[in-house]
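Here come two complexes built around subunit A, the first alongside subunit B, the second alongside subunit C.
Then we have the complex of A and B:
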């Protein structure tokens, strides 16, 4: 049938016009999202004085990397804060992904007494904004000697990312065909090797979502980091940037602000691009007849 | 290689639903046993219990001499083929086939040799590096078979492995599955809802209904000597014609609706049990091929009106109506019985005859059909049991 319709010529032409419409719309919508970012990147190469003046073509004649140089090599030692943030974000996302995967495997693939209630309790974590429990959390971390500690911060972020992670992973495991797990069992895989050797590749999109979500949360979180870390050497990037951007008298250095925002963007983009391939749908295709 | 024995095996779910009421079944070494029945009859549950994927609530399961009730699937030395193939999507064909061997920490050379052998048997050699997503349905089915045979298990379990294939491929794969099973000589338990598949493949066929075994015998015995109405209606395509009937006091006349069919004395020799049914109601079963256009002098004749003629080339399927109540065993024909609760369904007397393609018949005509009374089947209307001795 396809060859006969192709011979008529009409459907391909329609597809071509539909395609160009699709691409035009895609480019326009992308522009809405990309332009502010591009604008910010461009602005970050301007001196602070030019950033706050109204934009004009002339103001783009003095582009340079002074903002970055001062931010990265100045006395503020922002690189150390970048490393701190990376440690916290990576630890948070790894820990969240591992715990959420194991919990999701349990909730999604095993029937046990009280699983419904346990899952509901996990979801309650969704409903509690951590800002509301900041004081008890401060005391808790204090007693555990985890204030001013990157590990303490990572544990705190993990705890508040787990409800979402467990929810995502449970749903991901629920979608795995039962027969696939049965086949692994019959083939001789243990509960753990079923997870690590058979299901891992199939639930990867869920793991990637959980990882990315936790990474972005930990990388950008401000209030918790400001509360639980009081030592400048342990500051994460958002806290450190807010410190260097605002000088003693409260005026804001927009050069630092914009350059700092660009630096902060880079790891997010790298992690997103690295994990993006796992979002490709149809990973399970061919496993079972759909 | 080992026989499978189910001894009064029961399945009761936590909510109290009893899916199997004590199943007794023995599959000999090398035997191809088909479990057949309508959906929900417990056949897949039984198979999954043998595989170790469902707990056994009661009774004993043996593979060989060993009681397997609480043995984990991997230690039962079984291989299973699933309805939806259940291939690992991220592994290549050869990794899929060799996965179980790899888990058993078999040396790599040995795995490669076995995978290559299995691929050769199944004609998969050129696809070994492909992933399941790149294969057709038939090829995926073969990979699933390959995964089972490479293990050289003592028992094969197959859960409707051909039901996702198109009709032509299904016929081809039927032969292929049989060929492989014969070659390996492994006890096989094969679940299907398709009675044609059951008849063509099974050394023996076990017919299940609502968690109870109805009859287990060779396909021909099931066809010729069904134990009850359900088996009679389930086995055979087109299905047996079943009508409400009654015997006269001298048992020489059978009433089907308002028609009177002569019952020669020879019937008594075949069905001595009928002596208890003088002047009583019976269910009469007629296989479609036991109806032929009547000639002058035929003693046992049904007068019918032709509704529809299906010409299949090798035969004609003539759908006719007679003035009698048709009986249908619940569950045997799912489409017709859908929505019914229990008991038997009454539809006005329609039937099917399988006639010679050269028979001169047309829709709308009246047709006199001769029946050989010794080949009629009789069932007790209340219990549904076949009347033999």
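Then we have the complex of A and C:
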């Protein structure tokens, strides 16, 4: 930017003031999107009694971690639900990445009869919204003894992340130079060692994209978990929070709710900020979870 | 819901298949390639078949029966479907979902477009602003709904406190007891969350437009507005279509925000279609009825997705 403006001969002084105007506007716009989230993080350190009194400067004088401590050790025992969510999210993203990588390798690098039909099957999966097939899936998972099961939930999430993952991985393998695969073949490398040794570095960005989307999906998904898990010990974090919200013990503890929501928010932000260029890759490849 | 843009690549694939369909004998290495390729895709196909395709077919099957949770069932033809037309809560949920979609779609597009204009360049800070604006989408509607639930509480919710200081609303306003206020609150939340996604999609499209086009437009004496009007918008048509369809499909499938913030209330005035399906199955346990609603939803979403493929594949209109 600065070099092209300089090339056009813009007066340096005007350029600097234009840049700081842009930066100021950017900070203000960003604040609209970030401040409410930061506000909630601050709120989560207020004692529950301060949250339910109108915000004032005084209500921020006794910040502490009491919500978190009670939430993670008290009768609600959210810690177990956080662990459940982590197990499901990690299992889903690992399983999706592995299965999608194998399939992407197959679709992108091998010629075989029926590959067109098989890829069409994957694309049909793209078009089925999971929200619409929860009723038959409930009956199916019941029959398979996969209700109230973290494994069942992870399989369900994997299935609905696979079409996107296979699509991304197929495109990734299609971009691998033909010569590289041929050279590996000449060297006598097996199919699997070609994948794990020769192609690993090249396809890693695709795998990161697949992993990231699957992780964020599984960590934040609510409706499926609400439908397939009815046993408190197996609840994922969002379902546990919806139980805090509709507390059967009497009044809702809003301190728990805010602190729990902040716990749910943190991994998303960390994982996204660390891997955001892979997220943008997924967007640019034209496929999006919504 | 997932969508795809590389439709043109799909067309090239089947072209290879007919050539190999003949009964010609394959060489040993070609046969090995066939077997390996098939083995590699088999796990993905199996998972998709078991957890997506089977439920899809099963859904249609159930929708044609009077399926009870226990005991025998029999076929009742299209009775579940014709009952939908007389099911006032279902019709209401469809109308409500359409209304909600109509309210949020344009603001998401316009705000997303303006944000994309703002962050598309390489100016100092642009990357940081992108990340910040996109954060609410990454956090996700479920978590945001729990937080909104707190901040919309009468007396102490931040929204109530701020709006009462501005003399817009009473601090004791109970948002969820008024269907208009509830819809406004949820719409603002969703527009705030989803604009970042539209921004990212449109920004990616804008960055794909060659600088030379802007330069030659500049040489022709085009103003900033004329460059936007005659270069950016026409070349962005596909990205705009993609982001519109993603946001419309997302609105059609909305559930979390309504379930968490309003629980469909007051009464059943903010029940979305997906929530109605959920309630019909989980609360009323009418499996056949819920499945018929689901089939209708799948068809509608399928039509939108198909139109998207058409738009993305086709030439500029």
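Just so it is clear, the second predicted complex is superposed on the first by the 216 of 290 C-alpha atoms of A that agree within 3 Å, B and C clash if a C-alpha of one lies under 4 Å from a C-alpha of the other, contacts with A are read in each partner's own complex, and residues count from 1 in each chain.
As a working rule, a contact is a pair of C-beta atoms (placed from the backbone, for glycine too) under 8 Å apart; a residue touches a chain by one contact, two chains touch by 3 or more.
These numbers were taken from a predicted model, which means no experiment stands behind them.
Asks: Counting residues of subunit A touched by each partner, does subunit B or subunit C come out ahead?
Replies: C
Asks: In the superposed arrangement, does A:186 touch subunit B (first), subunit C (second), both or neither?
Replies: first
Asks: Counting only touches as set out at the top, which of subunit B and subunit C does A:82 meet: first, second, both, neither?
Replies: After superposing on A, A:82 lies clear of both subunit B and subunit C.
Asks: For A:241, decide between first (touching subunit B), second (touching subunit C), both and neither.
Replies: Once the two structures are laid over each other on A, A:241 reaches subunit C alone.
Asks: Determine where on subunit A the residues touched by subunit B overlap those touched by subunit C, and list them.
Replies: 283-289
Asks: Within their complex, state which residues of subunit C touch subunit A.
Replies: Those in contact with subunit A are residues 1-6, 9-10, 13-14, 16-17, 20-21, 30, 33-41, 43-45, 47-56, 58-59, 62, 115, 118-119, 121-126, 128-129, 131-136, 138-140, 142-143, 146-147, 149-150, 153, 155-156, 158, 161, 171, 192, 196-197, 200-201, 204, 242, 246-247, 249-250, 253, 255-256, 259-260, 263, 274, 277-278, 281-282, 287, 290-291, 294-295, 297-298, 301-302, 305, 312.
Asks: Would you pull the subunit A residues touching subunit B in the complex into a rising list?
Replies: Going by the criterion above, the answer is residues 177, 179-180, 182-189, 193, 197-198, 201-202, 282-289.
Asks: Residue numbers of subunit B touching subunit A in their complex, please.
Replies: 48, 51-53, 72-74, 78-80, 82-90, 99-100, 103-104, 131-135, 137, 140, 147, 164
Asks: Over in the complex, which subunit A residues touch subunit C? Could you list them?
Replies: 1, 19, 22-23, 25-27, 29-30, 32-34, 36-37, 39-40, 43, 51-55, 99-100, 102-103, 105-107, 109-116, 118-119, 121-129, 131-140, 155-156, 158-160, 162-164, 166-167, 171, 174, 191, 216, 220-223, 226-227, 238, 241-242, 245-246, 254, 257-258, 260-261, 264-265, 268-269, 272-273, 276, 280, 283-290
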